[in-house]
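Chains: A, B and C, in written order; residue numbering restarts at 1 for each.
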Amino acid sequence: MRFFLRRTAFYLFTAWAAITINFFLPRFLKGDPVSAYIAKNQGLISPDAAAALRTLFGLDKNQSLLEQYISYWKLLLSGDLGRSFSKGLAPVTDVIASALPWTIGLVGIATIISFVIGTTLGAYAGWRRGSKADALIPITTFFSTVPYFWLGLIAIAFFATTLGWFPASHAYDKGASPELTWDFIGQVINHGTLPALTIVVSSLGGWVLGMRNMMVTVMDEDYVTVAQAKGLPPRKVLINYAARNAVLPQLSSFALSLGFIVGGTLVMELVFSYPGVGKLLLDATNAKDYPLMQGLFLIITLTILVANILADVAYAILDPRTRQSEA
Amino acid sequence: MTQPETAVMAAVADPAPRTARKQTPFTKFAQAFSMFRNGKSITGLCILGFFVLVAIFGDLLAPYGPLDKDFSALRQGPSSTHWLGTTHMGEDVLSQLIYGTRGVLVVGFAAGIIATLIAVIIGVTAGYMGGWKSESLSAITNVFLVIPALPLMIIVASQYENPSLLLIAGVLALTGWAWGSRVLRAQTMSLRNRDFVQAARANGEPLYRIIAVEMLPNLIAIIASSFVGTVTAAVLGLTTLAFIGVIPITNLNWGTILFWAQQNGAFPDFWWWYVPAGLCIALLGMALSLINFGIDEYVNPRLRSAGERAREMRKKGIKVTSSVTAVRTTPTSGTQPDDGAASAPRHASPAVDLDAVTPVAPPAPANPDDTTAR
Amino acid sequence: MTTLEFKDVTKRYRIRGTGDFLALDKVNFTLTSGKTIALVGQSGSGKSTIAKILTQLERATSGEVLLDGKPIPRRGRALRSYRQQVRMVFQDPFASLNPYHTIRHHIERPLRLDKVVPNEEVENEVYRLLERVRLEPNDVIDRRPHELSGGQRQRVAIARALASRPSLLIADEPVSMLDVSIRLGVLNLLADLQRENNLGVLYITHDLATARHFSDEIMVLNRGVVVERGNADDVILNPQHAYTRELRDASPNPDKHFAAPGTTSPRS
């Protein structure tokens, strides 16, 4: 119980800190791009939206910092993140909401595939340590040290442009609009294969290495030796005794990596012109769309926080020992 | 569990005449870097050394200036005059690559040094202090762990027209120190309660000496590994930022080459323009990973001995995955009492040499066993 | 003649969640140079807490610790001079020596810290100390702890404790981590050094047999309370307290094993 209280306090503090950083970030911006924008679009911005923007960016010089901070919180709690300059003054929350499913779908599926394949390969490499399976490590490590975006560019050059197997960019064919038809789903899969493949290939190394090292450590434990001594079939020992325990840290890293789904592959989306959160952030940066940048940063931070909570919960459920010790 | 040859068999009553190995400054120096003394780390260090030399002697090595334009050769493939071809402006790709090495290494190492300094100061202090001071330092660390590095870098870097190398390194360090700090805190906490630290306290050693002389040397492997880790992350971060175009092109590095290549339609036809830069990033990353693999094996000797032992057994025709049965089928096992798992070879204790040295691991800090650190 | 007095010393640990834990409850005893007191008790009885308070790694919650009638100074030079008088040999010789440093470093440090001998004499003093604990100085001085056996390490730890020329020595289960066959050697060494230097020794142990053999007085500790104390032979042969009898009966008796074959031999 104490453990959960402590963790809750920790997450509340971290969330508060992240939101506060988000409050101060635009206040350090040089110049005043936001009021310039508001002045330029006098008639277009409704008074309400302008007021919200003033609060978010601290433009109300009459207010003290504390008052600004309080009204900033009020705004956040009512779910208002301001209006996006570059997206025709659409509410930031709407803009993000439209991009979020694409990122979560693409990167989420790729992360799961990479985790499953990588952990299986790692378990095998640890089980058959000292054999040819050891060659897996340098190969997968090489791909994980290659920058994402470069691998993506090469993949486009090879599979899309030269071979023409997959489309090089976007999430679906030009002219199509999102709808629930087989044709559209097919397009999405077709467009998503290449970016997903790139993510899987370049993130495999971490999973393989982590699982392999844990396997090697676990294989030395007495309970594995005893299981073998009892004459259990190797397959059973591998799955029920060794891999089962070795996979625990993998699962918590997996939960952590979920946090990086939203913010971790920005550049990948740029390379493939994929309409996700990462591309949105880069576009917002180029267009100096500060409300959108601030909102995206907040969302990305909060996702990582939620993933941390998930990792903690997963670990507490799977390994009761952690509840006693401090993480 | 470790190789028996590290054992020194000597009884107290009858010390074998042995000449003491003299401690010289050189052996002391060598000991401080013993975690690099393995094939993987050395290979990594050699590759890294190569890049360092290229960075230092770039002016001598590069056949042309990085921005020298040769208008007679635009977008030319590799030739004897331009070994790695030219860009759309007739610039020599090889020369850009050589000059770019400097930018990558300077920023990478500067970020690594700053981040490691922060990590050591915060992590070791938090680990040694205990109580609310430790808790608040670790709370700060955790906040920095949650803040997404790349988006923050993009937002901060986009605020400056022409960010200096040091500023870029500083931002990369600011987003990269937290992980190392967390690992160091855990390790320091376990060191703090070791008897040798308690003994130093009981002897009245001052605090700075306890931390600097008694504890830090035992943390060197972890500090080194977190340094290498942040350098790797910083190199990837820098090239990524350069590739997106957040960092001004005047700061030439491998990422800038890729930025220009993509901006000017080098993909997919002009492979000489974009393939070498990517391979250089991968090679440098690989070298740094190799160094860290070596340190990992030094810290956790099981990782190394496991592979060696398995190969050894396979040579003898024994299946690794069934070690216990293997013991029973080898000729010597017949004499061993058949009491199940306890007769596995690694449990056998040298009953004869009661006062002989137990084979122990090299003077490595114990495996952090901090499963969350993976 | 140095005297160390424990007066009504109480130690209470704050444990969050479960309330307080009383580790020591009004413990009184006097340790004088030239005498050995054995402190006997099960694990968790508070033996190590006494050692920690004596070495000032922890402070008593209440009560007084007096060295020659004066309370232990809280900090600074005075505390250092107290520490120079009272030294400790830790239980685990594998943990009490820093794996990174050579044997020379371990013995040199207290010599330099307390300025026992002038700087140019330090090297000779290290050799002398190693010889006193029956180690071959040339053989071990430049080695690191992991290159030595457990017995050798514990001898190094004893040499380190003696370096500051203390008058009182705390030995916290000094042989419990060593192989049975070499325990006697280390204990005999401690006894010799005690006689030669007229040391006052607090011998902490759970082994009644060695407690009787090596000490003048025995003090039995149970859950932070001294339940019995007295002349070593008296306590062992004629225990008054039920806990002492329990301890005695729990310790291995060689005769019984001959009588009942098949019983497993006692493990350390």
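The rule is short, and it goes like this: a contact is a pair of C-beta atoms (placed from the backbone, for glycine too) under 8 Å apart; a residue touches a chain by one contact, two chains touch by 3 or more.
Quick caveat: nothing in here was measured; it's all calculated off a predicted structure.
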{"item": "Chain pair with the most C-beta contacts", "value": "A-B"}
{"item": "Chain occupying the middle, per Cα centroid", "value": "B"}
{"item": "Where chain A and chain C are represented by their mean Cα positions, the distance between them in whole Å", "value": "56"}
{"item": "CA centroid of chain B to CA centroid of chain C, Å", "value": "42"}
{"item": "Rounded Å distance between chain A and chain B, as computed from the means of their C-alpha atoms", "value": "25"}
{"item": "Sequence positions of chain C contacting 2 or more other chains", "value": "none"}
{"item": "Interface residues, chain B side, partner chain C - complex", "value": "8, 10-13, 15, 18-23, 31, 194-196, 198-205, 214, 217-218, 354-358, 360-364"}
{"item": "Complex contact set, residues of chain C against chain B", "value": "55-57, 79-80, 83-84, 87-88, 90-92, 94-102, 104, 109-110, 113-114, 134-136, 138-152, 155, 157, 160, 164, 179-182, 185"}
{"item": "Chain A partner contacts - residues on chain B that touch it in the complex", "value": "1, 139, 142-143, 145-148, 150-152, 154-155, 158-159, 232, 236, 239-240, 243-244, 246, 258, 262, 267-268, 271, 274-275, 277-278, 281-282, 284-286, 288-289, 296, 300, 302-303, 306-311, 313-314, 320-325, 340-341, 344, 371-372, 374"}
{"item": "Contact footprint of chain B on chain A as seen in their complex", "value": "10, 13-14, 17-18, 21, 25, 28-30, 127-131, 134, 141-142, 145-151, 153-154, 156-158, 161-162, 210, 213-214, 216-217, 219-220, 222, 225-226, 228-229, 234, 237-238, 248-250, 252-253, 260, 263-264, 266-267, 270, 281-282, 285, 288, 293, 296-297, 300-301, 304-305, 308, 315, 327"}
